[in-house]
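Please go over the structures that come below.
Two complexes, one shared chain (subunit A), two partners (subunit B, subunit C).
And now, the complex of A and B:
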């Protein structure tokens, strides 16, 4: 009775989807808040890295899933965020303000090069972002006076035990994950998000109906950059040591790409589903088939593309009706 | 002046090699709109086949080279026919991700089969060199340049003067029209990937003669192929030659003025500039370079 009343009141209307997603998000966050007290340090670390990858995947989703621009080199913002934050911490700033030193240059770079690179499409845009990452990464590796060069950069240890540090990292990434869900809901349901999707389906038509395409694309890329850069900053604080080959690693971008693809491109919760599935598979491969883990991951990626082109959610949506009918007929 | 001339000459010799390497990448991209991120790994496979043929079967280099080409030709045909053809109608980044996964799998296989050790053939050409107009030309580099140019001309002849070349070009312009005029499109796609593979195999054989290589070294060759193709323009043979030589010369000049750590970044800076200023590349043609996705 109560459920049907609720459905009558909230289940329809223009904001139904938003409210439903917000409710799922709240339940998820509640679970994430309680979970640490049941987990050992190992599982807490694993969950933290799942959340981190879900955030990076949402950053990729914002550009590639919602706007349709494969920002393959998005890891450049992760690296900038990590270096900016690490340098600010080394200079004596607290973590909160230090994150800004990573996020602002990253967002600024996206806004600065966006208008230039976002005129390219498809492979060309993907390669341009890849080139951007290579150039920034080479700068980080060679400006040794500032960044410590290829030898890397060590951060001063935080207060407390290793367990405290792991807890802090978890809380940081869980908060950022909540922000990434809000970004997903915003991109799906807002006027701005409609502009993004219009660009994805047909950019010329979007332009013709009055969407300021270049501005919308640039802002979407900036939002993606901010999210990714804060993730980079938290990562630097978490692991305490960074080097260019670690934080500008293209494999991070590609993993994020496969995750949102697997979870469902252009959806709010897709990145989390993808991050959970891929990170579990990777961890299993690492612990049982150390010598084959690249092979396992590579073949997983190939299978995802071949068999689940519209992601796990799309796969379920496509096959659920047939399965349901078959179950009904049997009963 | 003498120094600059020598550097430019070195750049041209290296550029010929880059041009040949990039063509195998370019033809697959131009015809099927597939960016093959596993290209570098295919080059490494060519290098390993060459090394095994020379060291374990005792074959001369001239016989090992076709063997390497045959191995990667077959591999390319099977890959396209069995797997990539299924992705033909999908969006551009599906294939990009797919070949990235393929690259990871190939790197892992190479690591298992050949270990992570850096290998090289015993120096075939030694350090001998001849002199032209006061500039020294090592025999090894000159041979690589000659083979690379021969491959390039061979590909030009194949594409322009044979029925297969016409079929490939027709399929790349319009697969539907090609199908209607009786071309077996999946077969042509597979042959195109195989030709790209054969070029990767030859490139690998050339790498084995003069450079050291390891399973992880493939990625830098993929990146260089990327840069050359974008510089010169997709699907253009003259473009690949110009792009390759430009990259070779710029890289060599840069090592004169900049720290060697910037060597790769210089290529990518050039790439970003060309993408921003002239997205079609220096010699890119319509149709070939049309972004389909």
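And now, the complex of A and C:
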């Protein structure tokens, strides 16, 4: 079918935006599938961590971006996912089922405390989620009989070389990344997504229009928790050793928060863009300005937040029409 | 009786905003709720729509007790309100606001997909005279368009009863005429309306019955022509704007 026919049929229909995002997602996934054959182990690992951060940032975006609830303490689900999965692997489960042992408790926790915490708004909700992370991380550190406590938990090595393990981790995170894009499209375009965006925009009016706000918020947080927990589980398998201070580290949440804001809050691809930008900046600063890299990172973040208040995707959306018109006129 | 309010009282600290008020709205009827500022009209809308949480007395809608239900549950039953202070959904376009009403709102004839809801929203926007601004962000609309967008969002929710809290205030005379025509057209669809408005002209042309509140008390309730010909009391009924 010719591109013009396709555009006539889909370009302006009710699902136009959804199909466009799905198409971009497919192209991205195709690139991610062929990329490993061109990359050294170093770059493969770097790309894997970009994908992992993009997934965690999407989990943050789901709550803070789409629903408007800054779930700062979301790293708690990463930690729960990491511990649940690691313990299941240690007990002899394969990775697939083991991930469920991380995801189900994380999703269950979000559903259980959501109806309570999600009555709080803004800063209060943010602080409550920080508290949740402190509580769970203290539990992980103190239940040493189960978790190994502060000393951490080592996993048996997987089969094959270090390169094989890196490949497996890459495939795992790339798959999860695809799921995170689907979640973003769902949160933007579905009925449920309309409910989420209405809550972010005006919760009282949303409730008056018939959106069961508490239920929608809780389910959105559960979806965010599931995604983040599977990322934690894959991370545990990837690095083979976890401890509370590593997987319940607030720095992970902060990074995820900066990334989704930078890429564009409440957008499908924003978290990936943010993760790419921040990780490249960090890597560059790390290799060239070892002593100053935190300073460089901090200044970059401040500049970007000041100059791109609606994120990179918003910036492009704002300026693309003018750029396109100029290009057209020239050609 | 579609809506039946029995002995409803609301207390805000030391202030009794509503004192044992009873009234009803029949299917397809337009009831005007009038009274000076601070009489308790918006408080009544908040109590009926569930926004208040707690009140004393009994409120039934379509035969079911709705006291204490969440506003979303009440909306789902077909009782939808607008706000006196317009509540725009910042960041959503006009068509998205109305699509939201179609996707949630009443459980009756709810569109089963987002495109179907969008289609319904297009029709409702057209009905409310807002087709031209469908794609604009709803916080960029002017006062009159915002008021009509509120009504359109409520209409897309396919209500049995719609509560309009001063949906014509702040509009100029020709905009008010458009608003009156819109409210009439809504009634012709068989939707009952509880309308709060200060202007005698609006009440005289629209309301079948009028309920008058003053300082939380109901002081009159009857057919519109009777209540409106009670000349001496008009000053009290409509406050200073009469």
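The definition used in the following text is that the second predicted complex is superposed on the first by the 316 of 331 C-alpha atoms of A that agree within 3 Å, B and C clash if a C-alpha of one lies under 4 Å from a C-alpha of the other, contacts with A are read in each partner's own complex, and residues count from 1 in each chain.
Just so it is clear, a contact is a pair of C-beta atoms (placed from the backbone, for glycine too) under 8 Å apart; a residue touches a chain by one contact, two chains touch by 3 or more.
Not measured: the values here are computed from a predicted model.
Number of subunit A residues touched is higher for B, counting subunit B against subunit C. Of the two partner chains placed by superposition, only subunit B is touched by A:258; subunit C is not. Look at A:326: by the touch rule set out above, it reaches neither subunit B nor subunit C. Within the superposed three-chain model, A:195 lies in touch with subunit C and out of touch with subunit B [touch as defined at top].
Of the two partner chains, subunit C is the only one touched by A:204; subunit B is not. Of the two partner chains, subunit C is the only one that A:212 touches; subunit B does not reach it. Counting contacts as defined above, no subunit A residue meets subunit B in one complex and subunit C in the other. Across the interface of their complex, subunit A is touched by residues 29, 33, 35, 83, 86-87, 90, 92-98, 100-109, 111-112, 223, 226, 230, 259, 261-262, 264-265, 268-269, 271-272, 275-276, 279, 291-293 of subunit B. Considering their complex, residues 49, 51, 70-73, 75-76, 80-81, 83, 87-92, 96, 99-101, 103-106, 114-115, 117-119, 153-154, 157 of subunit C touch subunit A.
For subunit A in complex with subunit B, the residues that touch the partner chain are 64, 70, 72, 116-117, 119-124, 126-128, 130-132, 134-135, 137-139, 141-142, 150, 254, 257-258, 261, 291-295, 297-302, 305-306, 309. Put simply, subunit A touches subunit C in their complex at residues 13-15, 189-191, 194-195, 197-198, 200-202, 204-214.
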